[in-house]
Amino acid sequence: MFSHNKRLQYTVRVGASNPGLANLLLEQFGGPQGELAAAMRYFTQAVAEDDAGRKDMLFDIATEELSHLEVIGSLVAMLNKGAKGELAEGVDAAAEAYRKLQGAGNDSHLTQILYGGGPALINSGGQLWNAGYIDSIGDPACDLRSNIAAESRAKIVYERLINVTDDPGVKDALTFLMTREIAHQRSFEKALYSMQPNFPPGKLPGDPRVSAMYVNASQGEGDLRGPWNSDTHFEYLADPLAHIPVDGQEGVPSVQLNPAEKAAVEAMALRLASDPSADPLTGADLGSDAVLAETGGRAGGPMDRNSGANVDTLRRLGETPPT
Amino acid sequence: MFSHNKRLQYTVRVGASNPGLANLLLEQFGGPQGELAAAMRYFTQAVAEDDAGRKDMLFDIATEELSHLEVIGSLVAMLNKGAKGELAEGVDAAAEAYRKLQGAGNDSHLTQILYGGGPALINSGGQLWNAGYIDSIGDPACDLRSNIAAESRAKIVYERLINVTDDPGVKDALTFLMTREIAHQRSFEKALYSMQPNFPPGKLPGDPRVSAMYVNASQGEGDLRGPWNSDTHFEYLADPLAHIPVDGQEGVPSVQLNPAEKAAVEAMALRLASDPSADPLTGADLGSDAVLAETGGRAGGPMDRNSGANVDTLRRLGETPPT
Amino acid sequence: MFSHNKRLQYTVRVGASNPGLANLLLEQFGGPQGELAAAMRYFTQAVAEDDAGRKDMLFDIATEELSHLEVIGSLVAMLNKGAKGELAEGVDAAAEAYRKLQGAGNDSHLTQILYGGGPALINSGGQLWNAGYIDSIGDPACDLRSNIAAESRAKIVYERLINVTDDPGVKDALTFLMTREIAHQRSFEKALYSMQPNFPPGKLPGDPRVSAMYVNASQGEGDLRGPWNSDTHFEYLADPLAHIPVDGQEGVPSVQLNPAEKAAVEAMALRLASDPSADPLTGADLGSDAVLAETGGRAGGPMDRNSGANVDTLRRLGETPPT
Amino acid sequence: MFSHNKRLQYTVRVGASNPGLANLLLEQFGGPQGELAAAMRYFTQAVAEDDAGRKDMLFDIATEELSHLEVIGSLVAMLNKGAKGELAEGVDAAAEAYRKLQGAGNDSHLTQILYGGGPALINSGGQLWNAGYIDSIGDPACDLRSNIAAESRAKIVYERLINVTDDPGVKDALTFLMTREIAHQRSFEKALYSMQPNFPPGKLPGDPRVSAMYVNASQGEGDLRGPWNSDTHFEYLADPLAHIPVDGQEGVPSVQLNPAEKAAVEAMALRLASDPSADPLTGADLGSDAVLAETGGRAGGPMDRNSGANVDTLRRLGETPPT
Amino acid sequence: MFSHNKRLQYTVRVGASNPGLANLLLEQFGGPQGELAAAMRYFTQAVAEDDAGRKDMLFDIATEELSHLEVIGSLVAMLNKGAKGELAEGVDAAAEAYRKLQGAGNDSHLTQILYGGGPALINSGGQLWNAGYIDSIGDPACDLRSNIAAESRAKIVYERLINVTDDPGVKDALTFLMTREIAHQRSFEKALYSMQPNFPPGKLPGDPRVSAMYVNASQGEGDLRGPWNSDTHFEYLADPLAHIPVDGQEGVPSVQLNPAEKAAVEAMALRLASDPSADPLTGADLGSDAVLAETGGRAGGPMDRNSGANVDTLRRLGETPPT
Amino acid sequence: MFSHNKRLQYTVRVGASNPGLANLLLEQFGGPQGELAAAMRYFTQAVAEDDAGRKDMLFDIATEELSHLEVIGSLVAMLNKGAKGELAEGVDAAAEAYRKLQGAGNDSHLTQILYGGGPALINSGGQLWNAGYIDSIGDPACDLRSNIAAESRAKIVYERLINVTDDPGVKDALTFLMTREIAHQRSFEKALYSMQPNFPPGKLPGDPRVSAMYVNASQGEGDLRGPWNSDTHFEYLADPLAHIPVDGQEGVPSVQLNPAEKAAVEAMALRLASDPSADPLTGADLGSDAVLAETGGRAGGPMDRNSGANVDTLRRLGETPPT
C-alpha cells in the first residue's frame, strides 16, 4: 500500500516563470525516459516478482521514482504557474497573449492551451506517454538489464536538461534526480549479478553452431575488427553471401498444404497472376505530362484523347494504343 | 546501401497450416521485442554513430536483423498461406469459414480479415508497432546497454515461442533466430566495455551526497538487505520519512512570480476557491438511491422532489434543503 | 513524497490459476477506466492545484488509487502465476503447452508470451495504456466533472468483471475496489459544489443568443421532446436547415489574402483544376471486368488491348477511345 | 442517415493568413477536447442507445458537432490558405520559404509540410487523434456524466483560444462554438437527472463498510478537512497505515496452485534466485570511473585490467577480485 | 537475405549545421510518407506475395527504400552533428545553450534533448512512427493501388522540403530521392495493369442496383455535375432523403433475441429509462451563475442555499424547489 | 452543415445475437479500412479543397460514408444487444456468464467488458482508431489516388466479412456497403483523370537521369523481368553494387562544421572512443554459464569468484583476469 507526505523528496525552488523550459522538462515527466516510465517499469516487475530480495528492491525504487515524478512535476507546475494564471484570467489583450504564447517557444503552446499549464503525461514534443515505453517481459535476467539500461538513459536526458538550464533551483533539483539514477543503476547491477548464471537468460541453450558467429553483413570500406567480432571470441563470417542460407539447405520458404488449401492457393494465384509479357497502358500514362507535351499541353483544356497526335505520343512512349 | 538476395538466411520449412501459431509468431515480427524493433534500433544508431568500429558493428547487426525479419515473416506467411487462399477464394460455406476463423484462436482473426494473411507489423494482440519501442538516445554508453537488454529480451520471447511449437521446421528456424540474439548480445557487451570509462554515462558527475544512497521507500514485512543495498556499497536510508526532504530545506515547491503574474494567479485562486466549510447538495445527491428509498423509490416514476418526504430525506442525509 | 508498505490495502486470495480471467482484469490495471489512469489523473491535477483543500484531496485519492493498482495487479499476478511458471520452465510438451495457451482464451496469450505472465499496462485486448486516457485540462470546474465521470465508469467496469467471476477471493477484492469508486465519486461531487459558481466553467460568458438553443439536427420518426430540449429551458430549433447559418450571414468561409498569397492560390487553382466537362478514360476502366467480358475475358491471358472488340467495348461503356 | 448542406452552421470570416493560429485551432479539430471527439462520442452512444429520448438527443447533438467540426476546420483552412498556395507553387526562394515556415511558429511546420495546409486530425502538437479520447462505456449514468465533463472541457479550451485571438471573425466563430458547449452540457445534465436513480450507476451495491470511508492517504502539513471528507458524510480514516489491510486479514497476495504448477513455480524460483549474501562484481564496476582514477585513468588507453593497481582498486571499492 | 555496403546510394554533402532543417527532414525518415513506411510497406507485401514477378519487384523496391532511409537519415545526422556535439560536451554556458536550442526552431528541441541528435523514427512534430501508416491488406489489386498512392504522396512531401531548402547538397540528395518515387510509381502502375482484371478487386461482384449510383448527399449552392457523377456513367440520386432507405424497407435496425435475452434487454431498458415529462434539478443548476446573481453572488462565501431568495431564484429559472 | 434522419440508408435486420461476429464487423467501424476512416479522409479533404467540383464530390461521399458508419455501427449494436443486456443485468450466474463471454470468441470480450456492447472505434483486435489511418496530404493528384486505393481496400475487407457470415440480413447490408465502395472508387477515378496532367504530381520535375531507372536491388534466383522493369520503359540497373553511389561521388555523408562545432565533435569522439585492440571482460562474462560449468556451477551458491578455478576458466574463455 502506498502513502504520501505532502513534502517533496527534494525542495523545488524556481527563480522565474519559463513555460519553454517547463515544456522541455516534460521529457522527464511524461517522456519515454521519464519518471512515470521508471516507476511503472519497476512497479509492474515488483508485483509479479517472487524473489523476496528483488521484490523488496523493486518496490523501494518504484516508490522513490513516484516521488521523483512529483519533484519533476512540481518543477513544471512552478515554471508554468504565472503563464497559467495570466491565460486563465485573460489578463492580457489577445495580441499580447498570442505573442507571449508563441514567444515561449518549442511546444509550450500545447501545455498552455490544451493542458492549462499543468504537468501532462507527454514528452516535450507532445507525444502522449504510452506503455510501449516499458519493456518488462517477466524474466529477471532480462528485466534487470532493461532497468540498468533505462537508468543510464534517464541519467543522460537529465544531463542534457541541466546543460540548458541556468536557474539555480532548477539545476539543483535536476542534479538530485540525475544522481539518483546513478545509484539505482548500481543497485540493479548488483541484483543482476547476485543471480547466477544470468547469461544467456532463460533455460534453452543456443545452437552452438551459430552462437559465436559474427556476420559481416555490412561490407566495404569501413569494415573493422574489434573485440565485438574478434577471432578470439567469434567465428567471423567475412562474406555472408557465400553462406546463404547458413543451414546449407534450399533457403526458400515452404509449407505443406492439404489438398483443399492447395487448390484454393492455386486458384488465387491464377486469378491474381501478373503477365510478365504484357505492356499495359497505365493510370500514370493517362495523366502524364509527356503525353500532354506532345499534344500541346493544357492549352485548350485537358488532354484531348481523340487526337491522332495523342496516339502518336503513346506510340513514342512505348505504348501500343488501340487502333 | 542495402542489397537483397532472394534466399533466406535460414531455410523455412513449415509442416502444416496454423494461423493461430502464425499470429503468435507476429510477436517477433511486429512486436516490441521483435526483429523490426531490433533492426531499426541498430540502424538508427549506426547512421548517427561516429566511432568507426561501433558504426561498422551496428550496420552489421542491423542488416542481419532485417534478414531475421524476413525469416520470421516467411514463417508467418507459410503458416497462413492455406487459410489465406481459402478465405480469398471463398471456397468454404460461410458457416464453415466462420468456424475455421474462430477455431484458429487467439487474434488470428485479425491477421485473416484485416491483413489478408500477410505478416503485419503488429504484436500477437494486434497492437500496431510503434517507434516508442526503440529507446536509443544517441549516447553509446546508454545505447549499448539498451541493445544488450533488448537482445536478452528477444532471446526469451523466442524461447517461449519454441516452448509452444512442435512443428520441427518452425522450431528449427526459431532456434536459429534465438541463438543469434545470444551472439549479438555478446558483441554489444564487448563493444560497451571496450569504451572506457562507461559508467556513469555522460560527463556530469553525480552529487556525491546521494549517489550511493539507498532509499528504503517500501517498508514493512519483507524488507531485505542484499548486495543491491548493502552497507559495503550503499548508504542505507532505513526510514526515508525521517529525511524528508533530503536537502533539509522546506520541501515545498515555490516560484518567484512577477507582479502581473502574481496578480493573475491570485485572481484565479480567488475565483476557483473551494469552501471547506460548505456542505453543498451535489449531483450525486440528486440522483441517489438513498433519497429514492425514503420517498417510495421508483414507484410512480422519477423522484418527486416536491414531496415533504424528500425534504426529510435530505435532512436525514445531512443536507440542509431550502426551506 | 511517496512511501510504500508491502502489505496490500486489501487482501488478495485467488482460488485457482486462470490466465483468461487474469487477462480480463487487466482492464482495470492498464485499461482506460483502470487504476493507473485514475491515479495519474488525480496526481497530475494535485501537483498543479493551488487550492489547499482540493490539493490535499487529490493527493489522498491519487495515492489510494496507486494502492488499488497494486491490488488489481496482484490479482493478475496470482491468476497467472501457475501458467507463468509452467511456460518459463518448459514443463509441458510443446503441443500441450500450445493447447493450454490457446485454451485459456481471450488475449491471455499476449500476457503469457510477451509479458511473461506479469501485469502489463495494457487493456484486456492488448492495447497499450496511453496518456490520452487522461482528460485533465487544468481547470477544477472541468477536472472535477471529469473525475466524477471517471469514477462512475470505473464502478461499472468493476461491476461487469464481478458478474463474470465466481472465485470468492477475486470477487471480494473486486467488490472492495468497486465500492471505493463510489466513495471517491462522492468526494469529487462535494468538492465540485463547494466551489461556487462552477457552471459554466471559466470566465467568458456564452453568447446569450445561442446558449439555450437546442438544435433538432436529427429529424424524422423518433423525434422526441424531453427535459433536455423542453421549451421551459431551451429554444427548440425544430428545423435547423431553415436557419442556416444561424448568424444570418452568407455561411461560407472566406479569408482576406494579400496579393502575393492571392496570386499563388490562383495559380494553384488553375494548375489543379478539374474539368467538369471531361469524360476521361480511367485506371478503373483499364482494369475492368466489363471490358474483359466483352473481349472474351481472361481466356488467352490478360486483356489484348489491340483488338477491335476492345475498342467497341470502350465505346459501349461510354468511353471514347483513341481512333 | 446523414445529409449535408454546403452552407456552414456559422459563417467563417478570417481577416488574414495566420498558420500559427491555424495550428492552435487544430486543438478543437483533432485534439482530445475537439469536435471530432465530441461527435464520435455522442454518435457511438446514439447507435447503441435504446431509450428513445436519449437516442434522439444523442443523434441531435452528434450531428451538430459534425457541423462544428466543419466550422473549426474551415477556420483552419482559411488561416492556412495563403501559406498553402505559396508553398505548393514554390513562389518564394527557398531561404525565404524557410524563414516564413519557421516564423509562423509553434507546430505549424507540420501542418504545412506534411498535411499541405489542410485541417488534419491532430492536436496542436501533432499528436494523431485516437479513439482513446472517447470514454463511452455503454451505461447511460456514466456516459452522460462523461458527456457533461467533456462539454465543460471543450468550453474552456475554446475560452483559451479566444483569449489569444484578435481576429474578429475568428473570435466570433469561436464564441459561437464555445457557447454551444454550454447549451449541450445543459441538455446532458437534464438527461442525466431525468433518469432516476442514477447514483451509484449500475446494479451492484457497494460494500457499506467502505462506501463512505475517506482514506487520508496523503499525510503531513497541508492536511485539510472539507465537505469532500467531512465527518457528516464520510468515515475519515486519519491514519491508513494503522488499518492495513482494511479487511483485517494478512494483506498479502496468494493463489492455490495445483501440484504441477507448484513444482514449476518452485523450479523457476530456484533457477532465478538472487543471493542476498553475494557481493558480485558488476558491469558498472567494469566500466567505472573510480577504477580508472586509481589506475591512472585513460592515459595509455582503456583500462589495463592486468595491473596490480587495478586489483587494489577493486579491493578498495569493496570488491574481492580473483586472486 | 539483406546485405549492406557502407557507401550510400547517393552522396550526402551538407553545407552547414541546421537542426531546424534536420527536424523537418524527419518527415521522410519517420513520418507517414517517409522511407521506413515505404520500405516496410513493400517488404511485408513481398514476403507474402506468391506471384514471382511481383515478389521480385517488391523486394527490389523495398530494398532500395531501405537505402533511401539511410540517405535521409544521413542528412539528418549531418545537419545535427554540430549541435549534438556541443550539447553532449556541454561546451556552452547554459543560457547560451538554451538560446541555441530554442533558436533552431520547430520541434528540433525534441531531437536534441530526447534523441541526442540522432535520426529518430518520428515525424517532424514528434509523433512516433507507427505501423498504422502501412495499409497493406494482402490483395495485390489493392496493395498496388496503395503503393501507387503512397509513392505520389512521398513525391510531394519531398517537393515541399526542397522548396524550403537552399543548401545545394541537401537539395541535390532530396531531388534524387524525390525522383525515385516517380520511377517507383511507374513500376507499380505497370504491375497493376499487367494483372487483369483488377477492377473491382476481389471475387464478389457488387450489387448492380447500387454499383453505379451517385448519392448527392451534400446539397445546396455548390452542387456540381462532372465526370465523377455524370449521367453517362452514374445514376444520380439528386435527393437522397427521398430514397431512405435505398432498400425500400423500414430503415430501422432490428435483431431477433431469444427469450432470455429479450427479458434482460427489457429489464435494462426499464432500469435506465429516462422520463420525458420530468423537469429535474441538475448539477449545472446547483453550480450556476444565474442562481448566485439573484442571491448576491459570492459575497459572504459560497451560495447560501437556505435563503428564501435562492428558492425564488430556482422558481424563476423554471425549477420547482422542494417546499 | 450536417443533418440526420433517424432512418438508416440501408435497413439492418439481424437474425440472432452474435458478439463474435459483431467484433469482426468492428473492422469496418473503427478499423483502418472502415467507414470512419473513409468519412474523415474525404471530409478533411473537402474542407480544404478549392476546386468546386471536387469539393462537392468530396462532401457528397464523406457524408454518405457517415451514413455507412451508422449502418455498420447498427449491425454491431444489434449483434451485441442480447449479450449486452444479459451482462448489464447480471442475469446469469458468474460461471455461466464467463463461459458465454469466452465462448463468443475472438476479441468480443473487449467489446463486452470495456465498451458495454456498444460499437467502439477500434478494429477487431482492439486497436484504437487513430488518425494515422488517414493519409491525405493536401494535393489532389495524391489524395485522389489515396482515395482510390482506400476504396479498393474497403471493398476487399467487406468481401472477407461477407465470406464468413451466413446471417442473410447481415450479408445483405454488408453487400450494400461493399458495393458502394466500388461506386466511390469509380467517382474518384473520374475525378483524378479529369484533372490533367496528374502525373507526376506536383510542380517539380524529376531528375531525368534517374526517373526511369529500375534498381535490381534484390538479386539471385527469382529475378524476373516484366512490364514494371522492362527495357522499353526503364533503364534496368542489373547490378546496383557496381553503381554505388549512383552520383559517382564518394558516397559518404559529410557536413561542414564551424570551428566550435568541430572542437565539440572531436572532444565527444575522443571521450566515447572504442578501443578495437581491447579484449575486455564483460557483463555477460560475469554471468555466464560457461564460467559456472567450470567451477562446479550453482552448487554452493552463486559463483565464487575467489577460487583459482574461476581464474582458470576466465583464461580458457580468452579473458585475461587480473593477477
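Lettered A, B, C, D, E and F in written order, each chain numbered from 1.
What we mean here is this: a residue touches a chain if its C-beta (ideal position, glycine included) is under 8 Å from a C-beta of that chain, and two chains touch if they have at least 3 such contacts.
Note that the structure is a prediction, hence the values are computed from the model and not measured.
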Partner chains shared by chain B and chain D (touch criterion as defined above): A, C, E, F
Shared chain contacts [chain B and chain E, defined touch]: A, C, D, F
Counterpart interface for A-F, drawn from C-D, B-D or B-E and sharing over half of its contact pairs: B-D
Longest centre-to-centre distance from chain C, chain (CA-based): A
Centre-to-centre distance between chain D and chain A (centres being mean Cα positions), rounded to whole Å: 18
Whole-Å gap separating chain D and chain F, where each centre is the average of the chain's CA atoms: 22
Mean-CA-position distance for chain B and chain A (Å): 11
Residue numbers of chain E (touch at least two other chains): 1-9, 32-33, 50, 53, 56, 59-60, 62-64, 67, 74, 77, 81, 84, 88-90, 107, 114, 116, 122, 125-128, 130, 132, 137, 139, 141, 148, 156-157, 159, 162-163, 185-186, 190-196, 199-200, 202-204, 217-218, 222-224, 226-227, 230, 233, 240-241, 244-245, 251, 265, 268, 271, 274-278, 280-286, 302-303
Chain E-facing residues of chain D, complex: 1-7, 50-51, 53-54, 87-88, 90, 92-95, 97-98, 101-102, 107, 109-110, 112-114, 116, 122, 125-128, 139-141, 148, 185-186, 189-196, 203
Touching residues on chain E, where the partner in the complex is chain C: 141, 192-200, 224-227, 230, 232-233, 274-280, 283-289, 291-292, 298, 302-303, 318
Contacting residues of chain A [partner chain E, same complex]: 20-21, 24, 27, 31-33, 105-107, 123-127, 156-157, 159-166, 171, 217-223, 240-241, 244-245, 251, 265, 268-269, 271-276, 278, 280-285
Interface residues, chain F side, partner chain D - complex: 1-9, 30, 36, 40, 43-45, 47-48, 50, 56, 59-60, 62-64, 66-67, 69-70, 73-74, 76-77, 80-81, 84, 88-90, 114-122, 128-132, 134, 136-139, 202-204, 275, 277-278, 280-283, 286, 301-303, 305-308, 310-311, 314, 320-323
